[in-house]
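These notes open a run of structures that come right after.
Across the two complexes that follow, subunit A remains constant while its partner is subunit B and subsequently subunit C.
Moving on to the complex of A and B:
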């Protein structure tokens, strides 16, 4: 089951990376005589209300969502590792301070923080820049949860035998952090990465459904879900559900992959 | 011994209270800094009025200059906050307090009904599944089916769940309950399952006690501290889910107000309500932690 999940994820990432070659049309090309068309040989998933090919938009949307969400996860996990290593170098006061700030961030409902951050963005920002900034915000605001785990792990490792032995043989704190602790933190960071990526995918989808995600014409899985706001469109063409089904599949695969004791990816 | 336990309980409660104050002050600082640095902050239309004298304009400019320092602004912000002044909405030009007063009732009704429904459903399902699971193969299959369904619900954006619920004729409290149910059920089920495997529960089964008594007295009661923590977390989850539910189901509550304010770049409304919601979740978690500390003591 876990191997199947990993295989599906790899397939989805490959499709996203090769969207330029696999998509039959550009994501913004309009077929003005074919708005809301049902599935056919020329348009596999039909077209949206502006006559754009839904399959092409799904592939290009996958490229944005599946490349940017892991990038955001990498950012938040990277920040968490830096905070944990800084704690090793700086001492317990840093650890207590970062724990307090992380708790403060975790007390604030994330969607409110995102709305605040998105409200600060100028209205004339280009769609691609909005996409990048949205995921960057997700990455920057999502540091608190992985950092708690990483700081706790770094503190635990600092008290372990190998760290004490390294310190006793004259190893400096910086060297201890970089050479001895980082390799031990990598598996944990990988697990945190696999947890954060689907969380950011879902967060972007929620923002997009509220009209605060990636703007038109650039597609993301979240912005494609906006078609679900019209009941008429769903009943006329069930393929409008394709982004939701794909998102459900990919997020489930991430959950399955992370639920294993040994990471399969 | 009794005094020592009481003292440690008091210390733990004081730590929670200290954390509550720190969070509120920290949240206030972040909120005031965001409002202070928001685009358009400090722009006063009156300064463009040609009828005002140079002295009047200088007085207005002096007032603006006083607010340019974040620390000074933060102190003033806190003072206004303690007097119940949450600022004025940029988009509708009305006090945030009035806007909140108009909508808080709707949100409270939605939130309390949604939370109660989600908890009742989750608790009932967990207890029934725990009783049935031990008795038949069908129980095991029910358990797997529930795990799969709740897992799928967790893999969908909460906004999609809200839309789905709305299309099937659900009200905002029902949509909120559907969103919270999966999260509450998964955690509750895992905690209860762990408790159900404890040796005293097996002894109770061997002694022939009734399934309902075992579930209520030997399984649920020992996990009350964990359930209290879950109650605190579910307030935070509820606050997060309220925005998509009210925005997409067109319910005129605080969630919809925040959403409209975010679309209109109305930062005073978004930031102040965020601070209030943070305070609400922190207070809820404080009570949950205090209850847990007392139960554990």
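Moving on to the complex of A and C:
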């Protein structure tokens, strides 16, 4: 199962990376004689309400979402590792402090900060830049959840035999953290990364549904899901469901990979 | 005996039940939606659609334009006469009318309302429509039930302007919450809903009972149109107006719901550029936007027919000017929509010093032509129109960024801090007479879209529009007024400060249980006779 999930994820990433070659049309090209068209040989998943090829937009949307969501996850998990290692160097007060701050942070409605940040962006920010900034904000705001896990793990490792032996041998806290603890934290960080990636994919989709995601004409999976706002459009053309199905598939694959990783861990 | 009494009982029951369904039913709550929080519930400061709806439902006016016949009808004023060669209107008020809190209504209240509206510091959009010349409109109380409105210059058809003027109470401690309309404010949860209850002192009666038939109106604040439609289909909302064409097609296909395409409305989608000299924009952008050639080129590069066909599913016509052909008298029949002509657009741009370098259009200073079109989030038709314009203008080498923001943030940008480049919105015509557009066309008006509150007209053509609008507003000769306003429409067509994209059809739907509906192309399309609406059966 894990292999199948990994294979599907690799396939999706490859398709996203090669969107320029695989997409039959530019993502913004409007075939105005064919709005809301059903699937056909020339448009494999039909066209959207402005006559844009849905398959091409799905590929280009995957490029943005599948590259930026892992990048945001990497950012948040990287911050979490740094916080955990800082705790090893600083001592127990850091652990208590970061736990309190993380709990407080998780209780805050950060969606509003995202909305405000989006409305404060200069109006002429390029769509791709808006996408990058949106995911970067998601990554920066996503540190709390993985940091709680990473700090707890670092504290546990600090009390383990190998860490005590290293300290007894005169190993400094900084060296202990970087040389001995980081390799032990990597599998956990990997699991956190796999959990965070689909979370950020869905977060961007939520922002897009509010009309505050990646602006036109650049597609993201979130913006493609906006077609699903209209029940009439779905019933008239089931191909509008394609982005939702693909998002579901990719998120499920990530979760399958995590489940397997947890067993391994 | 038994048999005959049974027959009598059945007969009386039958008569009772027939009588019960034949007459209007009293009571019930009408649930409708508004798409954002009204910026102000003060009737003098209303400048948005939700605020207009609230004012229409609560405000009592001296006269009302019948939205179907388009004729003026008496309301709080039983009659009125024009005097002093059109410089004055004398309103004879109804007697025995009280505000919702029981405060008696008198001529003093009308004078007080006019005084509030014309306060220079208030910047009341309604007050702007009364601007004739530089001197203010004054109200003079003749007796308790007679008031004279004095205009500094002759004002044509000025009585129609009072359709928008909700009378305030001078005496009531409730101030603007004391109302004369069919409903009064009962509860307001900001961001969620406004609940109105029947005004117990409403002056209209039916069969000895005070109207309206309905007990309450609940205005749900619902920004998302799709959720609004779902709630309507589930019966949680009772009527929809200004429906998205795609949604209208869906409602029309449902035989259990009542829907109508009332035909071309006076409303349209339009786009304008920020031409305010003090706007926080680079100087070269200000030069683009103030260039007639630039604006006209963009207008000629937009495929309006595609907008009508694709975005509005055929429920729209290419926009021409301030009024659609639906306004038979005031529409200038000499004008036609700017036709799509890419070659002409390129020539106009070349004439203004723009040139294409590679795929990008650049101005004479070498700046790539890139600007944003701001529109409100949640309106899919508008967002789709913006995406189509973005594609159309790409053919000229322009890079357009479509930006969607929530409505309050957008209004803040276009009216207060002017941090925008171009804006795509709809303008609502509430009246057929051009006088109602004084707040749009006068360069000194607060709602002059592209450069509001000008101390003096920034351009010669704006000065000409000011002069013509003032002239038509003070002339009593309907033919001359028409000629003046035709000239205004021609200047606007020629200078293109606002690009008229499409005029949308009036699309409405309602619960099949709602009675006395009389849809109109004028706003509020289904609510204009709110005091006559009732539900069939109990609610």
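Side notes on the structure shown:
FYI, the second predicted complex is superposed on the first by the 244 of 265 C-alpha atoms of A that agree within 3 Å, B and C clash if a C-alpha of one lies under 4 Å from a C-alpha of the other, contacts with A are read in each partner's own complex, and residues count from 1 in each chain.
The definition used in the following text is that a contact is a pair of C-beta atoms (placed from the backbone, for glycine too) under 8 Å apart; a residue touches a chain by one contact, two chains touch by 3 or more.
Computed from a predicted structure; not experimentally measured.
When the two structures are aligned on the shared chain, A:30 is found in touch with subunit C, with no touch to subunit B.
Of the two partners subunit B and subunit C, more subunit A residues are in touch with B.
Look at A:111: by the touch rule set out above, it reaches subunit B but stays clear of subunit C. In the superposition on chain A, contact is made by A:210 with both subunit B and subunit C. Using the contact criterion defined above for the overlaid structures, shared-chain residue A:225 touches subunit B, although it does not reach subunit C. Contacts of A:127 after superposition: subunit C is touched, whereas subunit B is not reached.
Once the two complexes are laid over each other on the shared chain, residue contacts for A:251 go to subunit B alone; subunit C is not touched. Look at A:50: by the touch rule set out above, it reaches subunit C but stays clear of subunit B. Residues 119, 123, 210-212, 229, 231 of subunit A touch subunit B in one complex and subunit C in the other. Within the complex formed with subunit B, the subunit A residues making contact are 100-101, 103-104, 107-113, 115-116, 118-120, 122-123, 198, 202, 205-206, 209-212, 222, 225, 228-229, 231, 234, 244, 247-248, 251-252, 255. Per the touch definition, subunit B reaches subunit A in the complex via residues 19, 22-23, 26-27, 34, 38-39, 151-152, 154-160, 163, 167, 236, 239-240, 243-244, 247-248, 258-259, 261-263, 265-267, 270-271, 273-274, 277-278, 281-282, 285. Interface residues of subunit C facing subunit A in the complex, by the touch rule stated above, are 224, 226, 230, 246-247, 249-250, 303, 306, 309-310, 370-372, 374, 377-378, 380, 383-384, 386-388, 390-391, 394, 401-406, 409, 419-421. Contacts from subunit A toward subunit C in the complex involve residues 28, 30, 32, 35, 49-51, 119, 123-127, 210-212, 215-217, 226, 229-233.
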